[in-house]
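The following pair of complexes shares a single chain, chain A, combined with chain B in the former and chain C in the latter.
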Partner chain A sequence: MVNGYTASSLKEALTILAETNAVPYAGGTDLMLENRPGVKYLFLKKIPELRSITADERYIRIGAAVTFTEALASPLVPPLMKEAVSHIAAPAIRNAGTFGGNIGNGSDKADTVVVEFAADAKARIVSKEKERIADIDKVFLSRKHLGLSDGELIAEILLPRKGLERYAYTKVGGRQSQAVSFVSFAGVFGLENGRITNAAAAFGAAGDAVQRYRDIEKSLIGKTPDEAKKVKADYLRAYEERILVNQSRVGPEYQRIVCLNLLNDFLSRFGV
Partner chain B sequence: MDKISHSVMKKDHAPKVSGRSVYVSDYPPEGVLCGKMLRSTVARARILDVDAPPLPDGYFYVDARDVPEENAVEIVLYDTPVFCRETVEYIGEPIAMLCGPDEKTVERLRDECRVRYEQLEPVLDPNRAQETFFEYKFGHGDVEKAFAEADKIFDETFETGYHEHAYLETQGMMAEPEENGRMFVHGSAQNAYYIHDAVKRVLGCGDGGVHALQDVTGGGFGGKEEYPSILGCQVAVAAHKCGKPVRCVLDRREDMQCTSKRHPSVCCYRAAVKDGRVTALDVDVLFNAGAYSTLSGLVLQRAVFMAEGVYSIPHIRVHGRAVKTNTTPCGAYRGFGAPQVFFAVETLMNHIARDLGVDPLVFKAAHLARQGDLTATCGRYHFPIPLPAMIEKIDRACGYRKKAVSYGQPQSGRYRRGIGLSLCSHGGGLNGATENELTKSVVRLHKNADGTVEVLAANGEIGQGLRTTFPKIVAETLGLPLDKVFYDHPDTARVPNSGPTAGSRSILIAGELLRRAAVKLREQWADGQEQEVEEHYHDPDFLIPFDMEKMEGDAYPAYSWSVSVIELEVDTLTGISKVLGAYGIFDVGTPIDRNIVMGQMEGGFLQGIGFASMEKMAYDRNGFIRNNNFADYLIPTAKDVPNLKTMLHVESYPFGPYGAKGAGELPLVGAPAAYLAAMEQALGGRPLHHVPFTAEDTILALAKEER
Partner chain C sequence: MADIRFVLNGKETEYHGSATERLLDVLRNQYRCTSIKCGCREGECGACAVLIDGILHNSCCVAAGAVDGSSVVTLEGYRETARFAALEKAFAAVSAVQCGFCTPGMILAAEALLSKNPHPSEDEIREGLSGNFCRCTGYNAIVNAVSGAAKEGNGLW
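The block that comes next holds the complex of A and B.
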């Protein structure tokens, strides 16, 4: 049987987390994969502070224990994120799985994390003593590595309110539902006064990492789409050299080609 | 539609959907020892010794030394050991079973066993196999002459991979020593008599010393044809040693890694073409059998018998081999060798037609076998072959011809479409002379004094509906309401041997025997009396007896027919293919229950599409199957082929019950060739040669094209 603690407020949860080695439990959809004997869980489902989707001037704030199904029903959640969420697993999993859990279990194949990378999302991290806001790439470091200290909990995911209107998202999996991604791609494009302000491109699942290369993105910033077209070949070549690939469910050659195809398609959509 | 075809609620519907059915895992654990297998971690080695931890009271270590009689499981040959002999021959081979009351303790004890191996060089490549388990050669006509006179010779090699059954319930068996000294073996299985015979031999106890029961079984697809004999012997030996009931249920990884699958194949086809027609075929079939022979000989027989496809080629030579490698033994799987050769011959015919500049369907139609023609084994197609009519029906249903022309134009852009069609047949019943000379099926009907009738037969309900369709045949013949006739899971202590649940034979062979038994019972029906009638199989008179030495004669009494069409769309950026439509028309004779048959057709077709597209399984250079779970071995879901349309064409068979023929395997057989043909068209017409053809294959093929 699963042993654990049920907290009814964030304060209570953080106290338990500080005093025990309980594992935060936010959905439990990975229990079948990773049901470690002897582990005590801290159940987060009943904590109101983690269950809401709100908006302030700059951010859409999604509570860490908000489920994917709830996000799909919310008018606040941006279409890019909804598109990614709508392809996660199947309805039963989406009813249980959460945004915090998707980051917290440290999978490079997590479908919302690649969107968060492309969207320059942040996470609000809380502990008994303090709270902080961190960029997503400082929270999700690599497969099974999180930038969290003992006693810290992901409380909210912060997505920018503006700038996510032009996007591309593709999940590539072995079948139409219930599939772990072979490769996933999220891109966010920005254009102001005819010049490119953003060309964020994030890749998930390839090479066991979530990848984003801001230095390569910079080569397009400030250019008009026509100017960018001229450097596109170099830009794609730079990605080809940098993208990490490996042998997993699909081979490295496949991962590289598909990542570049999706990247190329993303830019083409916006005239580059 | 015939009256008997009207669908009824399945007799096991309510207990199954309500969860009341008792599967082998569901028997209470009290007094039952849990068995866990200690398995080889290397592909080939001599076992030097096994260092087992001290065993607490009530815990047992069971291995080959505990086998009372011969350490050999009867399947076809006797090479499969109950527990390994001096050597292990594949990763996962059982070395011993640890038994005890507490599962976790048994697992710990098993994990603490240290096996010392002297590693031997394994054979993993079937092309380099040193041992051939089975080899068959036959043919007719003058193949050499036809090739010498050919305008053009085609020489192509086709490959297929493993195919995992993915039944819902993993393998599980239980053995219980009874007070009278008998061993009672039961569990998830297709053939209670196979288990009965295998256990009898291993325990050396004679027919009266054992009985076997098929428990409610959560799917088989052929995977529970021979494997339960092995597991049944293992639990029986353990129960014999421990003096207590022992149950062993495999976990999913164990099941996927260590139990039988469809044989990977390499089929080399040479075809001689003269004046636009195929005049000769020279076929070489190679099956990777794995480490033990199990059913490979029979699977290979069906493959070579069907190597000509649905065509009549004047000169044909067929050679087949099933070879040993140090990998998981392969076995029966829906289609039983036929999907591999139909994939090859159908794809070859497409390639030849395209090369000759002829429409593949027109080319195939010109070569179709007709009633009275010779089969590859010099038998005859005794009954009408309805494929031409079926082709017209499917064309009307899905617009095949029009789409084939349209998608055949050069395509550019991200999404590209293709449509493919295949023609198949499936012979009902066991191969060649097996039914008449070896199996000799017997069925009985037992009438109770209250007028209810029990079917006594050995065929197992594995989701294909036998608990309903057998009683339907009997009730219809006797003029009884269906609720007066029932069929329980077979127990060899009670039922005669009506042969295995295999080869699309249960309705065709046992069902017809039941019909005849019911006629007999009807003639001698006496109200208020207990009565029993029995019926024995003999070949129908029209059949040309099969000579196993020459491989000549009627390999099967009757053939079922299919036309399968698959239409798909390839995303050239990701390689992902979406099946836009899968259309199948199937002639299985009279459906004994329309819903049940349609369920079979849909399920089998989808299973075949999985085999063709996403179900990729392979072993690594150590002989280890890595993707032994459902996250890494994907099977299609309903969302993958939402537009799945199946139809029936009824060419009733006068020697089958109410005109029925074999049904279970047919729908799978045509899917791989239809899928690949669609893929070839979407990718611009280049010839492809293997399944599964995955997203990865698609992307690599497109990349090759660009280079």
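The block that comes next holds the complex of A and C.
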């Protein structure tokens, strides 16, 4: 094939990646818009190892070349992820776009990545020589900066099986379909024996990176919702000071207010 | 070097050009499938829609090499089917075509929807067509047409 490689197994793909400068191509919905001159693509969609959704004791494992449409149809994919995916673009893009491509594109507007941050997801990264599991924030660093070396591919996204039941997800965009986010928010709440065990809050599209502030989250951990209510004003103020916003079309102040409103709604939903 | 082998509208074919070319351009320029329109080249408008292995894709966002081993259907092939006849009749009945630029994409999006969901609600039709822009009709006629095709073409999907 002129300017392209196909592989029928992951092993074959990793060998091609190690020996050539081919660019991994999954659904093409970002790559074809970039239309980089002089590239060769390594087509991933027909590699069975990248195409399945499975579950083990701890994780739901979503293959990097699984499409958004396939994830929506899978009973294994948690509702939080499905909610984010259902808001992505329109059917034809969801039929093509993949989880690996959403990370690989390196956009802070990537809707599944925001969920992965809130969910403490991991990625299984493979290369010809080795494989490793990395936390999502070590793979997706900031806009166009990924923690991947040459020859490495994302093979799977690992979402925790437990703890994602209480969640909030909101995408604020310009219109219903085909909207790229102005702000996206994913929150995961945990409560055990009346005490807060998790208050993960991730923001996309506002700064250059997906933002999560674990030190501020900690101020709620171990408290009852009533106790947490008493420190909520300080908690929101801390976010107000820390949240990074950008010069998007909607303006930084609007973005900041939306972020804080979404955070407030998230906590209120769980009695805080 | 092996070529890109795929089935286009039921016929096996080999493409010798670059795997990085847009499927949209290859199908229009090389194969003269001019039902496929180029509205935006950004995946936004759906005018370039095709079915790849039965699944709706915007061909401006697909590299030619990605269809190696796949079956591609454009309106040129789809128009030979009884399903197309039902959709054509339904579109004509409610004047769901004005300039016609969006129509091939709309028809293929309708086929993709009805093949998964033969009796969609109005909301489901709107969602199924949400990636296809029409600048003439205001959409209601198209939604009615798809709904009409689902009813009249009962059993086809």
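For the reader, a short list of remarks on this structure follows.
Please note the rule applied: the second predicted complex is superposed on the first by the 268 of 272 C-alpha atoms of A that agree within 3 Å, B and C clash if a C-alpha of one lies under 4 Å from a C-alpha of the other, contacts with A are read in each partner's own complex, and residues count from 1 in each chain.
Everything that follows uses one rule, which is that a residue touches a chain if its C-beta (ideal position, glycine included) is under 8 Å from a C-beta of that chain, and two chains touch if they have at least 3 such contacts.
In this text the structure is predicted, and so the values were computed from the model without any measurement.
The partner of chain A that touches more of its residues, comparing chain B with chain C, is C. Shared-chain residue A:165: touches no atom of chain B or chain C.
Touch criterion not met for A:226: it reaches neither chain B nor chain C.
Shared-chain residue A:25: touches chain C; no touch with chain B. When the two complexes are overlaid on their common chain A, residue A:250 makes contact with chain B while staying clear of chain C. By the document's definition of touching, of the two partners only chain C reaches A:4; chain B does not. Using the contact criterion defined above for the overlaid structures, shared-chain residue A:240 touches neither chain B nor chain C, since it reaches no partner. Of the two partner chains, chain C is the only one touched by A:92; chain B is not.
Once chain A of one complex is fitted onto chain A of the other, the partner contacts of A:45 are limited to chain C, with no touch recorded for chain B. Judged by the touch definition given at the top, the superposed model places A:258 against chain B, while chain C stays out of reach. Shared interface residues of chain A, touching chain B in one complex and chain C in the other, are 33, 176-178.
Remark: chain A residues 33, 170, 172-180, 182-183, 249-251, 253-254, 257-258, 261-262, 265 touch chain B in the complex. By the touch criterion stated above, chain A contacts chain C in their complex at residues 1-4, 6, 25, 27-29, 31-33, 35, 39-41, 43, 45-46, 69, 89-93, 95-96, 176-178.
Residues 1-4, 16-20, 22, 42-44, 46, 49, 55-58, 60-63, 65-66, 68-69, 109, 112-113, 127-128, 130-132 of chain C are the ones that touch chain A when the two sit in their complex. Against chain A, the residues of chain B that register as touching in their complex are 414, 572-576, 578, 614, 627, 631-632, 634, 636-637, 639-640, 694-696, 699-700, 703.
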